[in-house]
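Take a look at the structures below.
Two complexes, one shared chain (chain A), two partners (chain B, chain C).
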Partner chain A sequence: MTTREFKTVGTAVRRVDADDKLSGRAQFTGDIEVSGMAFCRLVTSPLPHARIMSIDASRARALPGVYAVLTSAELVNMETHYGSDKKDRPVIAIDKVRFQGEPVAAVAAVDLATAEAAVELVEVEYEELPTVTGIDEALDPSSEPVHESNFCHEYGYEWGDVDSAFRECDRVFEDTFEFPMVYHYAMEPHTCIASYEPDRIRLWTSAQHPFLVQAEIARLFGRQLDQVQVVVPFVGGGYGSKSYTKIEPLVTALSREAGRPVRLALSVDEAMRTVRRHAARGTIRTGVMNDGTIVARECTGYVDTGGYTDNGVRVTERFGDRMPGPYALANVRVKTYGLFTNSTPAGSFRSIGGPQAIWVCESQIDVVAHALGMAPFEFRVKNLVREGEEVRRGRRPIEGDLEYALRRVADEFGWDSWTSGPTPPGVKRGIGFACGVTNSGASPTSTSLVRFHADGSATVYIGSAEMGQGSRSVMAQIAAEELRIPYEKIRVVASDTSAVPWDRSTGSSRSTTLMGLAVHDAAIDIRQQLLDLAAEHFEAFPEEIEAEDGRASFKGESVAFAALVRNMFGGSGGELMGRGYVTPKHASGKLRQDPVFWEVSIGAAEVEVDTATGEVRLLRYYSISDPGKAINPKQVEGQDEGAAMQAIGHTLFEEMLYEDGQLLNPNLVDYRVPIFTDLPHEFETVLIESGNGPGPYGAKGVGEGGIVCVAPAVANAVFNATGVRISTLPLTPERVWRALHEAGQT
Partner chain B sequence: MRPFRLHEPTTVQEAASALADAGGGAALYAGGTELLLAMKSGLLAYDTLINVKSISGLDAIAADGNSIVIGASATHSAVEHDPLVRDRLPLLSEVEHGVANLRVRNVGTLAGNLCFAEPHSDPATLLLVYEAELDVAGPSGSRRIAVGDLQTGSYETSLGPDELLTAVRVPAFQAGVRAAYSKFGYHHRPTLGIAAALAVEDGVVADARLALGCVSPVARRLSRSEDVLRGERIDALTEGASALREVSRLASEDADAVEDMHGGVDYKEHLVRVFMERTLLRALAKNGGGDA
Partner chain C sequence: MPDAQETLAIAFELNSAPIEATVEPQTPLIDLLRERFGLTGTKRSCDVQVCGACTVLLDGAPVSSCTVPAFEARGRVVLTVEGFAADEGSSPLIEAFVNNAAFQCGFCTPGMLLAAKSLLDADPSPSEEAIKDYMRGNVCRCTGYKKIVEAVHEAAEASR
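What follows is the complex of A and B.
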């Protein structure tokens, strides 16, 4: 790798949105008022599974101040269903409800109070159906089908000769692990304003993928893309909960009925009934030789996608892709199933299927290592896939040195020299390790436009939604670097489909790598134009021109970029436009293979277990992040720490509890998310910059890796401390105590 | 949330008659940390809220003889930081510091905590060992009740529909009392709370007050356990001592623990045993004066 001197790339610049966010000026969807806007409240199903026998909205419609009530009867002259892979989600419930909280009617009224009063006047008659709760009931053939059947999707792959390998190996282990249903808790619940107008549809919405929303709305309402404008202001956290299309079709249909703009802002309670992460169960059979070589793995998994598919297809697949782990395996068989149940539909959530898969994979690796009498760390290293080898047949080979990464984390953590030290009676300490690689789901398709103005400043146009990750700042850094102008001279315009060029999505750790590449290319396009103008100016060849700090120079003379632009247009104004296209055929040649990159995740944890109460305290956590090139090191750390912190939730406390299809804890008092006091005393991100990503400067995504290893590392540490293996998350004190109790440890 | 009228009385009398006039359609509103959440989620609906905070003087914290009188609109933070409380009821100050988070403590009141009668309350348990009393006012005058007589069940109190709590009267412990409070849980509200106050004379437990909360709908004193402790020599009350075991065993028997999202009955009974012993050992370790 040649080292290049960077100006802004590689530094933790001040975020472009820092002042707006600190002062409260930053606009989120909820801050927007559109004139004539009506307010929406939802009539939702109290039952998890039922036929809708009738809906009488006449009293609600008659209430003064009510503009419209939307029910399935109003879904005429439009498509009625949407969804990313399977279009099985109705804009509003049609004939049947499939989870508690599913919208069956929506009211638009002059204010929220009137809308709320009207909600109570809508009479819905249901005929209750038996509910399907959890994976076991979904698999039971005698259960009521939620859709045509309770199977949403099946996925599988295989290589080698799995059956012979199991027959011929020395030992076989089989273990099953469970991962709970969890909720993203973006601080801003879903919010949307839709304005259905004769010649266009306008939406302001808290969405991660503005262009996918645009396409879905255009399809549903029979419009051209240019007639649908989706504006995404600042988003108050996404984590996948705002992926694809969520409440936008309903609000748009209601706006059509009401004949005016309509705003719907969900509460946390309603957001928990909009999307969640897939609960999962995974069983792995592992065949090993006595020397610790893994010869075969057979993985079977189920994910609970709830009442509708949402992202259930891809999660089923990614769960399967990631379950065998980052090991060199000659024989593999994987089968995964997505199942419908009567619960909140499950969608994308930071590393789809990843935490579930690595939880199963890495818990079992520890089980096997222990049974073989090998140190879990050495057992992992022995079986790791090597750089350049395929971890999945036919996919992009692993682009980093995993063993080096593992050893780096172990060294910084002090793995080899660790001892428990003295502990109070009944308190035990232990350490645990986990590693995984996740195939980024990022699709390599983005475009960007950069306008270079006549005063030497520039505006960068990106489709990425700014949801706290800092994409606007990173894009400004990349543009500044390539335009050879100061970072402060860049403005970023983002996520308004009528102003910025197309981008696929903001998810899968993709923006810096792929949107960043588009910005990088667009900026280089402009720099080339500037060099051409300078060459003309100096009567030289473009290659002979130096560009730096907003000026082009040749043999000791220099001219400002701004002057070059003005001269080109023969006066005071003018501007240059640069474009960047990112497609699988990108000239770098690095985007042809799937996945566009592997995200590496490694975690080392030290825990303390109070065996009297079952309480697990996470004392230290070390995580690795390999951004290829850290364009903004602080933001890389922020992603890694944020992801790990979020994982502490599903590891120790978080679980959506369902009983007979009713969500028992739909609020943040009963559903416990991590808070500052849960931070480990030592919480470190080990940054390695392997420089081999497909993005600008060798960058690759890091938004998700931090979330996948926490749970197995912590459970492995609990095992190390107590000798008790816990196979179900979260590790609440009561669950841990029961496990210890059963093992005779309390 | 459905809109409501906000009534802002300036006297206790005015508040009580507003309650009486509303005939059940109104609720008292202090910090709103419970009430507004319940109203937002549609669990409760009122046409009128009567703001306790607008009653003048109700946020006062003052001494009355051996007791500290805490007005009904005093917040958890105000109680925690009050110099009188810190000086004479240091354990109350310590426990208040551990209630909820800073945002809730800064607006939520001690009185609101007690009147909401949520089973998982720290002060409701602690105040039992202080043998605190409550001043209750209604349209026809006021009365004083023991803190243990307020809560009658989950979210249920003995207050009449037109009554309000005006003050919490907390007597300081006698000199030589060793007291401690333990809470446990990972939810926002505690899963278990145990308070112990031991009056020690000449190395012997002269009097014992033990209270247990959160594991069942209403916090309670544990008289059988208290009886075992009375007369015990404190130097014999060391870790694993049979008397401590017995106290803990009786406490878990008397807990009437119920299953809820905080845990199953057997787990809660187990926690009672663990924390009863831990709390007593912590209390006994405090061999200075007072309850600090």
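What follows is the complex of A and C.
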């Protein structure tokens, strides 16, 4: 890559949303008032698995102030089911409920108090069905089927001669690890306002994928795309929980019944019954030679997708894609299965299937290294895939030097020189390492439009939802850089399907890479138009014109871009439009192969284990982030730190607990998320810029890498401290204490 | 607690201006602020006094407005993020949040700013441990907390 002087790219500019977000002015969906709006409350199933025998909403409908009650009986003249891969989710429960908390009726009323009173008046009769809880019951053929069967999806791939490799290697290890169900806790629970009108449908919603919601609503209600407007205001945290379509169909159907706009704002309790991360179990068999060469890995995995598919298909696949790890493997066999159970449907959560896969992969790498008497770090380095090699056959080769990245983290952490030092009695310290690569970027399809105004400012139109990641600022930086105007002269309009051009989604770490490329191309489109106008102005060739700081210059003379635009239109107004299309056939040639890019994740942890209580304290954590090119370095760090902190949650205490299909901890008192005091004394992101991503300036995504390695690094550190291997997350004091006790360590 | 049928007339100071309101005894302060006065900067999230998104300052001390009854404001001083942001004295903290990338989605930020202000009013140069301990009632799911700690430090330095 040639070194280029940048004006705003590479700088931690002031975020374009700073003033809104630091003043209370930032508008989230729940802050919007639409005139005539009714308020919705839900009637939800108290049972995890049951037939609906009857619903009597007559008393609720008769209550003054109630506009409508939606049940499955009202789902007429429309499609009734939706879903991203499998359309198995009814707009509201039809005939059967598949998890506790599934909506069976929805009330629209003049205010929330009336809606709540009406909810109490809806009578539902159920016939209870046997409950399917957890992976073992889902696999049991005698269990009640949640759908036609309890298998949602099956995935697999294989290369080499796995069976021969296992026969011929020196040693074979097989280990199984479990990952819990966890909840995103986006601090803004899902919120949606829908207005069903004769000639159009308008929605304001906390969604990550506005155009996928638009397409789903248009299909369900038999509308054209241009008749459905989806506006996504600021989103109060996503992390995947607001991917695809969630409550929007229900609220739209209720608005149709009520004949007015309706708002539904979920509580945390309800959000926990809307989407969660897949619990998982993975078993890996690893065949090695005595010199530490891995010759084969066979990975078998199960993910619990709950009552409906949601994103279970892709999670089943990514779990399988990611489980063998970042190693050069001559022989691989992977089989993964998605299973239905009677629990909250599981969908996307920051690095789908990633933390589960790398938990299994990297815990076992340490088991094998220990058994071979090798240092875990050297065992990893010995088997790493090299730059430019395929880590999965037939897919994009690895873009970066993984060994360099691993050694950088180890150096910064002080891995080689680490010693436990003196500890109080009963307290043991240890260090652990983990690494992984995750296929990211989803689909390489985005578009952008840039308008260049007659005063030299510009407006950038993007479909990306702003959920904290700072995409609006990054897009403004890219546009400013390519338009050759100051960052402050850019305004970004985002995520309103009737104003901005199409984008696939906001997720899978894709926006900087793919929407960034669309904005980059749209801005260059305008710059080329400006150069053409300047060439005309100076009677020169476009290639002879210099463009900088909002002016075009030629042989010592210069003219403002703004003047060129005004001259073109012959007056005081006018503007230029630039477009950017990103498809797999993008002219850069970098988007032909799947995945869009490999996101690198590395973690090094130091822990302290209190053997008397089983408490694990994370003292130091070092992570890596390779954004290719850091367009906004502070935001890159923020993504990595935020992701790693979420992982501290699922590593040490977060877990949705089910008993007989009942969620036991549906609130933030009983479901604990990380707080300030969980911040380790050293919590560092090592930033490397390998410059080889497919995005603008060699950029690639970094939203997910930080969440992947914390759990295995910490468990490996606990093993290093105590000699005890714990194969189930989270590492709660009770679980750790029991494991230590069994090993005679307490 | 007064009888649930009554309504109560209360007067208090809201963001440096006197104000009056009639509230029901069970009305939480957050509803009065958001729905009656349109102060939507105060955010509702967990409803159980854990997350701190609804934090406002009552006589300078942070409270969860989701669980504090509105009538508790009677005769007292309430500061929301809107009032905080309008005060020139707040700019060191606001700028420190910008410089340190101490916010992402912005949903926790109003409560976070008010908790930080309250801390710095009481302790102008808090240690890292003091910041973590004081702010533990405010959850942020985006940043990982480190950058908020750094922002509070920087604001403390800037105010000195």
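The rule we apply is simple: the second predicted complex is superposed on the first by the 745 of 746 C-alpha atoms of A that agree within 3 Å, B and C clash if a C-alpha of one lies under 4 Å from a C-alpha of the other, contacts with A are read in each partner's own complex, and residues count from 1 in each chain.
Just so we're on the same page, a residue touches a chain if its C-beta (ideal position, glycine included) is under 8 Å from a C-beta of that chain, and two chains touch if they have at least 3 such contacts.
Everything numeric in this text was worked out from a predicted model, so none of it was measured.
*Asks:* Applying the document's definition of touch, where does A:Ala186 land relative to chain B and chain C: first, second, both, or neither?
*Replies:* second
*Asks:* Tell me which partner A:Asn667 touches in the superposition: chain B (first), chain C (second), both or neither.
*Replies:* A:Asn667: touches chain B and chain C.
*Asks:* Would you sort A:Met645 into first (chain B), second (chain C), both or neither based on which partner it touches?
*Replies:* Touch status of A:Met645: second partner only.
*Asks:* Looking at A:Arg25 after the superposition, I want to know if it touches chain B, chain C, both of them or none. Which is it: first, second, both, neither?
*Replies:* Only chain C; A:Arg25 stays clear of chain B.
*Asks:* Check the residue A:Ser267 against both partner chains and state whether it touches chain B (first), chain C (second), both, or neither.
*Replies:* After superposing on A, A:Ser267 lies in contact with both chain B and chain C.
*Asks:* Comparing chain B against chain C, which has contacts with more of the residues in chain A?
*Replies:* C
*Asks:* Under the stated touch criterion, which partner chain does A:Glu734 make contact with: chain B (first), chain C (second), both, or neither?
*Replies:* first
*Asks:* Between chain B (first) and chain C (second), which, if any, makes contact with A:Phe234: first, second, both or neither?
*Replies:* In the superposition, A:Phe234 touches chain C alone.
*Asks:* For A:Ala117 in the superposed arrangement: first (chain B), second (chain C), both or neither?
*Replies:* It touches chain B, and chain C stays clear.
*Asks:* Now for A:Phe653: first (chain B), second (chain C), both, or neither, which partner does it touch?
*Replies:* first
*Asks:* Both chain B and chain C touch chain A; at which residues?
*Replies:* Correct list for chain A: 267, 667, 669, 675.
*Asks:* Can you list the residues on chain A that touch chain B in the complex?
*Replies:* Counting only chain A, the residues touching chain B are 113, 116-117, 267, 269, 425, 612-613, 615, 652-653, 657, 664-665, 667, 669-670, 672, 675, 732-734, 737-738, 746.
*Asks:* For the complex, give me every residue of chain B touching chain A.
*Replies:* Residue list for chain B touching chain A: 1-3, 37, 40-41, 101, 184, 186-189, 239, 261, 263-264, 267, 270-271, 274.
*Asks:* List the residues on chain A that touch chain C in their complex, please.
*Replies:* Touching chain C: residues 12, 14-15, 17-18, 20-28, 30-31, 184-189, 234-239, 267-268, 467-470, 634-635, 637-638, 641-646, 667-669, 673-679, 683 of chain A.
*Asks:* What residues of chain C sit close enough to touch chain A in their complex?
*Replies:* Against chain A, the touching part of chain C is residues 39-48, 50-51, 53, 80-82, 85, 94, 97-101, 103-110, 113, 131-133, 135-149.
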